[in-house]
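Both complexes below contain chain A, partnered by chain B and then by chain C.
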Partner chain A sequence: MVDYTAITPEIVLALFALAVPALGMVMRSSKVLAAFSLVGVALTGLSVWMITDGYSGPVAFQDFVVVEEFSLLFMYIFLAVAFYVILASAVYVKDDKHKPEYYSLILMATVGMLFVASASDLFALFVGIELTSMSSYALVAFKKKDVKSAEAATKYLIIGGLSSGFSLFGISLMYGFTGTTSFSGINDYLSTLGAENIEMVWLAMIMIVVGFGFKISMVPFHMWAPDVYEGAPTPITAMLAAGSKKMGFVAMFKFFLIGLIAIKADWQLLMAVMAVVTMTAGNLIALNQTSMKRMLAYSSIAQAGYILMVIPVATDYALAGGLFQILTHAFMKGGAFIIVATLAVAAVGDKISDYKGLAKRTPFLAIAMTLFMLSLAGIPPLAGFASKFFLFSAPIEAMGGGNDWLMWLAVAGILNSALSLFYYVRVIKYMLVEKGETEEKLKLPMSMMAAVAICLVAVIVMGVYPEPFYQACLDAAKSFFTFLA
Partner chain B sequence: MDFTSLYEVAWLVPLLPLISFLIVGFFGKRFKDKGGMVAIGLVGAAMVLSLIIAYGALTGNLPSEGYFETSIEWVVLGSGFAFELGIYIDTLTAVMLIVVSFVATLVVIYSIGYMHEEGERRRRYFTEISLFVGVMLGLVLANNFLELFIFWELVGLCSYLLIGFWFERPSAASAAKKAFLVTRIGDVMFMIGLIIVFNLFGSLTYTDVFNEVAMANVDQTWLMWGLFFMFGGAIGKSAQFPLHDWLPDAMEGPTTVSALIHAATMVKAGVYLVARMFPLLVFNGAVNGPNVLIFIACIGGVTAFIAATMALNSPNIKRVLAYSTISQLGYMFLALGTGGYLLSQGEIESGGLGYSAGMFHLMNHAFFKALLFLSAGAVIHLVATEEMRKMGGLRKYMPITSLVMLIGALSIAGIPPFSGFWSKDEILASVFEAGSMNGVFMLLYVLGIATAFMTAFYMFRMWFMTFTGPEGEATKTVAERSSHGHDAHEHKKGRFSEHTPKVMTVPLILLAVLAIFSGMAALFFFGDTFYGVVYFDEPNHETALELLESIFTHALTYLSILVAVAGILLAYFAYYKNKIDVKAIANKPAVKPLYDMLLARYGFTKGYNWIGEKAVYGFSLVLDKFDRFIIDGLINGIGKVCMKTGKGLRKVQTGFVQTYAGVVVGGAVVMMLLMYLLMTVLGVDLSP
Partner chain C sequence: MDTTSIPINWFLMLSTALFVVGVAGVLIKKNAIIILMSIELMLNAANINLVAFSVYNNDASGQVMALVSIGLAAAEVALGLAILLNLNKLRDTVNVDDLSILRW
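Take a look at the complex of A and B:
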């Protein structure tokens, strides 16, 4: 008898993803469909909770799925993202003919993410990523009459396809070389390997990294991100930034910190360089953006750089900091994107200068946006400060034993976050300080305001009282290193 | 009286203003005065509690360890580390509590009158100022460096909001931004320092960090770097060289805000930080060499001097005061650095004197600077200009203001028995003492004396230019207004001349009294000398009488009085008697470039702008263009050739995608090469 416990969440959510279009045949109301999808997400959350409740150790399915604390944490994150994306979409797609498919695709993308969260095998991981990618290609193209959206989707598809090709090629090389696709198997093989033929492993590794780097928008595989973030329907942008991107990190962590940990000394410096390059490029380019979505896109790239620090540091403390940063980022960046979407509904433009005098027109959103920006910049006592503090202290903690150079990672991170303040403050200045052309109050949909409010509460609570959240991340990180390796 | 139960509730001190922040923020519109009375009530309550707590702490009612501490756990890290939220009360906290809560309360009361015409906006003002006071009090009471840092950032944020209060002025908005961003440079260093210290000690709680055993066990070189970076935070916050340039611009806020920033909150946080980490500095200085302490003293001395030179010819009354703040803060750092140096060299008594002199100057400065700013605010509102050349002869129209401002000027100039004299003299005495051990301090002493001279000169230049001499154009309008009694400006004039409402005059008079007498605290401070009460360690010290004797039998005391008097006399002859033709001297070819350089603040403003706008933004622009156009352009160029052959290509904008795909492939190749380069060619070996 096969035990399906480990994949119940995926099964439940996939069933809902299939049921939404069926329901769409009879019910055309966007609100009903959204509510139905939300029920699906909630039930999936419940099935994750059933694994969490009385958790006594990893639950496996066949050879390629292991659910443990790390996976559980990410499942909750992905489900939370799906929840608020759907919430924010209810109004956004209300007049579209294909809204059932829209919700179905969001759920399907989430199923892929859940698979990635629990995959213990390189190939299972790849399939999960592809499931999410395929769904999000269609979602990005959703406003197909909108030239920008269509163009963005085309780019996304082509570059995504190319990157997947790279990954797949890398995986096959890796398989050919090590004879296994399971992470721990790869690691076992590599730990017995001498220096001969190591270049082959490097090649496979880098090809795989291209695919994963594409997902997390690591420089230089980031160029699609601003275009796609700008062109995609904004709730989907939020999903890409807060969900799909985090999935890429899960893949990265599993690949490097489990699969390749034996040859850590080989890639440590390379990944440190990539992290610093990514954060610096992201922040520098963000300085010059005039479009809000592009600015947020580059700031996401910079955040990816911060999180990438985890890989070269490679301690459970670092991973915990990275996880916490992922968690907080999901809310602060997601919240910011949803505000952009909300304002788009009210016909406020996407230029940063269109936000002039917003404080008068919609005080709640202006204050919420201010807090998100300050949190992204790492100002206490908001969530972004707490997570950056933990993350940046990780390299320092790992110093010693020839690893003193890691301190420069922390320094680069801190300098970068100071740099980022420049463009975040600019948004605040436009909203609160500059006078707008009109002071007319904006009428905004309640469901979107609710989504913003959820993110806002999360950002404040996690900043003021980070303990339980951080503890969860630390448990997840410990579990990650204990059970998966 | 049992103070312990009071200390237990000390968390109420920051909480009360924060409650006011919430009440005024949410319900301010409903109050007739937009929440002014709420703010006064709650800030005042915080003051009463602060003063009682400070009284308890300063009269020796502290637990035997010399401090009171209570805390709750906030974040527990897995490996047993915990961050706390807590309260820490010792004599240093007590002095800061007095200064912050007292000045803040007076400023809030004064604001009722000063901000009266702002209408609906007063709600925002009182909301922000309550928050400002609350977080500053929280900063002072924190029991660990992380909590301090969090409040520290919030103080920065509040000052950003308040400096930009009149945001319709572009200069105000940009000044606010500059203040926020420039101090962030310091904050970044602070954070690096904190991370280093945390890594060394595994804790940021004062009691863990200041533990002698723990201090002896850490790597002293790393500790030195940690302290150095933490001091970087103080440089930014307290506007020390080379991050001093934001403070003169911060004058764009309402004058009450300037008074608060300069006297009690923002800039004093940096001095407080250095005083707070003093045990670490001294220990590290004794074991590892006093590099950081000498550095602190040098930064202080140099800043004091440079800022004073910039004040010499500034035409703007508020700017003069701003430079004087920077300069006086420099004195405080000079005192702390010197005191720490002496302590680390085993000179317990004189070292302790240096330390307490720094804190003493902080307290005195708070009173006379608040006084100067608030009275300058009254002047500015009457004449509606900040240009001193347009004033002149104002004494006739505002006798009380001119009198209290004179008291402030005498105090800052260091004329006995006004308060500034006592603390400045102690600072210079300890610097001179250190000078016998290390030549650097001799040089700093010379800078200090020169600064004292300049301070007396520019303060009296300001006073003479404003209140005496021929009436300037702005004064003439005031004179006209008061002679035709009934024109539209009448009530405005009336408010700020001698019909100033009591809510504004009473704080001024109170501050003037303190500006005269707070210096006597050197002799009589809660039953002992200031040093005896405030210095955290060694009880061995002089009594009031001995102190008085040692001050006035020391030749150097007379030197510092002499230079102050000389400075005043120079100003008297140049700006009152007009015996010296200042303009002619300024236009001399030898002096002119210097004069202009001072006006241009040694080019620092331009330098910052250049770095900010040209260097950083320029680089960013280049990268952005690279990202968007250069590579695209290359491919598009090829695309264009193609387009001529087939029109169909125009419809699909494939140029972009090809570019991106090219970069992806190129990126993979670059990564491979980089890896190969790092591992094989450079032979980096990271395996432990």
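Take a look at the complex of A and C:
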């Protein structure tokens, strides 16, 4: 008898993804379909909770899925993202002909993310990534009459295809060389291997880094991100930035910190340089953006650089800091994108200058946006400060034993945060200080305000009481590393 | 693996050549349909590797992976053609150089 416990969340969510179009045959109301999808996400959350409750050790399905604390944490993050994205979409797509497919695709993308969170095998992880990517190509192309959406989808499709080609070729080389695709199997093989035989592993590693690098928009593989983020329907942009990109990080963490940890000395410096280049380039280009969505996209690239810092440091404190940063970023960046979507519904453009005098027109959203911006910049007592604090202190903690150079990672991170403050504060200045052309109050849909409120509460609570959240991340990180042995 | 069969190097050379042709196609070609075909070449290069290594390592899982990835590639093409069809309908072009509304 096969034990399906480990994949119940995926099964439940996939069933709902299939049921939404069926329901769409009889009910055309966007609200009903959104509510049904939300029930699906909530029930999936319940099934994840059933694994968490009375958790006594990793639960495996066959030999390619293992659910442990690290996976559970990410499942909650992905489900939370799906929840607020669906909530924000209810009004956003209400006049579209293909609403059922829209919700179905969001749920399917989330199924892929859940698979990536629990995959213990390189190929299973690849299939999960593909499931999410393909659903998101279709979602980016969703506004069929919009030229921007079509262009963004084409770019996303080509870059995504290129990236999966690279990853699959790398995976095939890794499989040929080590004879296995399971992360712990790769690690076992590499730890018995002498230093002279690793050229082939390097080749496979570079291919896979290029493939996954596109997914997390690591510089120099970031060019697609701003275009796609700008062209996609804005709730989908929130999902790409808060969900799909985080999935890329799960893949990176599993690949490097479980699969390749035995040859850490070989890739440590490379990844450190990549992290610093990514955060610096993201912040510098964000400085002179005029479109809100593009600015947030470049800020996402910079945040990816901060999170990449985890890989060269490779201690459980670093991973805990990275997980916490991912958790807070999912809410502050997602929340900011949903505000952009909400304002778009009320016909406010997505240029930063369109946000002039917003405080008069919609005080709640202006204050929420201010808090998200301050949190992204890392101002206490908001969530972004807490997570950056834990993340940047990890390289300092890991110093010693020839690793003193890791300190420069923290220095680069802090300098970059200071740099990023400039473009975040500019938005706040436009909203609160400058006078807009009109002071007419905006009529905004309640469901989108609710999605913003969820993100806002999360950002404030995680900033004021970071301990329980950080503890959960630390437990997940410890479980992640003991999973190695 | 019996000694009469083709050495693994030959398969690797074939797959590497295919992969390089694929990458070059993606980077050089202007027509989005041809780029899509080049991406298929990259994926198929990986499939050749998977099957060859599967025989060489005497482990069937490589062939299962190849089958799954063929399925993925098919899905990707179907989706890709749909997206390009829509693009063609809106813009009357599938030339990637014309896609310049979204920049900076």
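FYI, the second predicted complex is superposed on the first by the 483 of 485 C-alpha atoms of A that agree within 3 Å, B and C clash if a C-alpha of one lies under 4 Å from a C-alpha of the other, contacts with A are read in each partner's own complex, and residues count from 1 in each chain.
Rule of thumb we're sticking to: contacts are C-beta pairs under 8 Å (C-beta built on N, C-alpha and C of every residue); 3 or more make two chains touch, one makes a residue touch a chain.
Bear in mind the structure is a predicted one, so any value in this text is a computation, not a measurement.
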Contacts of A:284 with chain B and chain C, given as first, second, both or neither: first
Partner chain(s) touched by A:346 [first = chain B, second = chain C, both, neither]: neither
Contacts of A:460 with chain B and chain C, given as first, second, both or neither: neither
Which superposed partner A:379 touches (first chain B, second chain C, both, neither): first
Touched partner set for A:262, first chain B, second chain C, both or neither: neither
Chain B versus chain C as contact partner of A:470, first or second or both or neither: first
Winner by number of chain A residues touched, once chain B and chain C are compared: B
Partner chain in contact with A:23 - chain B first, chain C second, else both or neither: neither
Which of chain B and chain C A:227 touches, first, second, both or neither: both
First, second, both or neither for A:166, with chain B first and chain C second: both
Residues of chain A at both interfaces, chain B in one complex, chain C in the other: 151, 154-155, 158, 162, 166, 226-227
Touch list for chain C against partner chain A, complex: 15, 19, 22-23, 26, 32, 35-36, 39, 42-43, 45-47, 49-50, 52-53, 56-57, 59, 61-62, 65, 68-69, 72, 75-76, 79-80, 82-84, 86-87, 90-91, 96, 99, 101-104
Contact footprint of chain C on chain A as seen in their complex: 123, 127, 130, 134, 137-138, 141, 144-145, 147-148, 150-155, 157-158, 161-162, 164-166, 168-169, 171-173, 175-176, 179, 181, 226-227, 230-231, 294
Chain B residues touching chain A - in the complex, by the definition given at the top: 73-79, 146, 149-150, 153-154, 157, 164, 167-168, 173, 176-177, 180-181, 184-185, 187-188, 191-192, 195-196, 198-199, 616-617, 619-621, 623-624, 627, 652-653, 656-657, 659-661, 663-668, 670-672, 674-676, 678-679, 684-688
Contacting residues of chain A [partner chain B, same complex]: 151, 154-155, 158-159, 162-163, 166, 199, 202-203, 206-207, 209-210, 213-214, 219-221, 223-224, 226-227, 264-270, 273-274, 281, 284-289, 316-317, 320, 374, 379-381, 385-386, 389-390, 392-393, 396-397, 399, 401-403, 410-411, 414-415, 417-419, 421-422, 425, 429, 432-435, 465-467, 470-471, 474-475, 478
